[in-house]
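Take a look at these structures.
Each of the next two complexes has chain A plus one more chain, namely chain B in the first and chain C in the second.
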Partner chain A sequence: MTPKAESSPTIDIVLFAMKGVSYAADATQVVRIDRVGAEERALMVRGPDGECRPIRVDAVSGLRSVPVASLRRLPVALETKDVAVGVWLNGETPVILLDLFQLLTVPGGQ
Partner chain B sequence: MQRALQAAPERPSAVETVPEIELFCFRTGELHFGFASENVLEVVRAGPLTALPKVPTFILGVYAHRGQVLPVIGLLRFLSKGEEQIGSKTRFVIAASGKYVAAIVADAVIGMRRYPRAQIDPIPLGSAEVEKHFAGVVRTDRPGEAILLLDAGQLLQGARGRAVPK
Partner chain C sequence: MALVSSSDNGAVRARKGAGGLKPIVETLRAAVAGDVSTRVDTRKLKGDAAELGMLLNELLSKLSGLLEESEKRNQLNTREIELAAAGLEALVPEGDLLRWNGTTADPRLRPLLDSFGKVIETLRVFVREINGAALRLSSSANQVLAASTQHEASSSEQAAAIHETTATMEELKHASAQIAENAGSVARVAEETLGAARSGRGAIGEFIQGMQQIRNDGVAVADSIAKLSKRVERIGTVVEVIDEIADRSDLLALNAALEGSRAGEAGKGFSIVAAEMRRLAENVLDSTKEIKNLITEIREATLAAAGASEASKLATQSGEKLGAVAAQAVEGILSGVQETSDAARVINLATQQQRTATEQVVASMGEIEDVTRQTTYASRQATGAAAELTQLASRLAELIKRFKAD
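For the complex of A and B:
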């Protein structure tokens, strides 16, 4: 009897586009996705005060469960406690991971 | 012969030794640059870039190289000497110094060259902010050609300093 291969841990991310650029974020930061106007969507994120606040995005591409092994920290030269917290490697293409809680605090981020 | 060997030095005299530096040279725009060869890991064809929010324009984005995510630095923008265009002939020079690794945009690769250290002059006077990223300028035998010798450590730390304000 062969041992069952351990499945690699995964994490759920939400994929979206803002100003024509594709980003991803930890799906647990998103309470729900709302429609804003005719075409725009908003990621509803709970702020520090417990209120749900919208982060407007061009489009939401969906949810994906990705291997933790496909996540990377930002390069040392760019490490910063800013909205960009890391990278998801979609094959050979890096997709920037945003911290939506941090994005709420950025002027114009909402 | 025994007598000759006893009089023979163990190592060549200073006059016979010509200290040289091996440079990896490349061109970006109209400027020729060189890194000490030990700072260059490899050269690759430019791949897909992902833009980063809220970074200076000289950080063209990030690039995945063998599973490692690297910042892509445009030297022309960094030095305020123009703007790089990424095309089919563009190459990334993967440069490293200590814990810092980055992809530097190159329009063309010149290759490895060796120069006597005596051919390295101080960088012509400019702003101290720019000067500190260079270890000198190499006079070559080719008319009108000068290779700006980059200090990889200063360049990569300087790029980080400007990309990640304190």
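For the complex of A and C:
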């Protein structure tokens, strides 16, 4: 961590995996984490109607406080229905940031 | 001389009696000398002397007639005897018994010639009988020769057959000895096999006991495996519970972290505790995962052990069955080997007896061969004698043929 990074504001992200791919999302979008089935997890996200709906994930790796500077927005041309909003640079490894609210609207996203 | 002396005395008395007997004396002296043709000249005599002279002359005349007749008869007899001698002499070189002529006019020779005739007739009968006997003898001699020759040939063949039989019996004797030796070897091998089979029976008994022990041990192992499986299942259940708790703890820690995150600075400490709690939960999950893996391995190993135990059980049962079969087979082998041993001993004894009997037969055959050899020699001698007899019979027949009797 550089001194500049230490001074920058941080944001909590929740790290999870779906179908073998690691993703990250704003932790504030997750109401709670539930268990679905034997081992799967579900990120409970409150939808526009105020109801909590599950987004099935393979696993939840945890929460991390990351500098905002480590987040990048994707070019508009690459955005897919506003689900992937950017990447988090975990060192040299980019992790896609998902907008869980948007993901709720995608068919099959839950 | 006595006569002369007596005559001299008589002449003296005659001279004294008749006055002259000189012519009578001289005539008598001539007659005594063999001349019976001299006669007394009676003219010079007288009286008694003349009568004596006439009587002497008459006596001499009768004597001379008798002598002449005797001479003729002698000549006839001589001729008849010469004829008979010639007939007898003809028998010798020609053997002709038919030429005998025994007729004679002399009744004194007739008995002699009749006797000769009877002798010659007897000889003819003898010759005929001898001729017939010679022919029969020749035939019999030929038959004897043929029989002797055949007997000699038969004896030779018999000797050869006996020699061959003796050789065969010798081979049989050696074969019997070899068989006896082999039977002895078989008996020894059978005894050894019997001992080995008995040892095998003991080993199979121990094997069956071992199999039973293994089966019992296998049952105990199977029980232990079953208990172990149950314990493992129990551990699995416990681990599942722990895993469930850890998973819930992980979930709880995640939610606590979320809550801490939402609490902002105030929830920092809570988030740290939640993170630690989640790390612990993850450690527990890792441990329980490892335990599950171990339990899985244990289950697999237990299943394998159970399978192996079952296989061992089946193998043991199979081994017991095989052991029982082997025991039964060994019992059969024992029985068979015992019978073989007994049979080999019987064979050994029988072949020894056979060898002894064969040796006796060989000895007997040797004696028979000697006797046959002697018989052959005797037959050969008999053949020679028969041949000689045949020759003699032929010679006899030839000799007899010289006599003409028919």
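In the analysis below, the second predicted complex is superposed on the first by the 98 of 110 C-alpha atoms of A that agree within 3 Å, B and C clash if a C-alpha of one lies under 4 Å from a C-alpha of the other, contacts with A are read in each partner's own complex, and residues count from 1 in each chain.
Operating definition for what follows: a contact is a pair of C-beta atoms (placed from the backbone, for glycine too) under 8 Å apart; a residue touches a chain by one contact, two chains touch by 3 or more.
Worth saying up front: this structure is predicted, and the values here are computed from it rather than measured.
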Partner chain in contact with A:Ala84 - chain B first, chain C second, else both or neither: first
Most chain A residues touched (candidates chain B, chain C): B
Touched partner set for A:Val60, first chain B, second chain C, both or neither: second
First, second, both or neither for A:Ser8, with chain B first and chain C second: neither
Contacts of A:Ile33 with chain B and chain C, given as first, second, both or neither: second
Chain A-facing residues of chain C, complex: 247-248, 251, 254-255, 257-258, 261-262, 271, 275, 278
Residue numbers on chain A that touch chain B, as the complex places them: 21, 72-80, 82-84, 87, 89, 92-96, 98
Partner chain A, residues of chain B touching it in the complex: 47-48, 50-55, 59, 62-64, 67-71, 99-102, 156, 159-160, 163-164
Chain C-facing residues of chain A, complex: 12, 14, 27-28, 30-35, 39, 41, 60, 62-63, 65
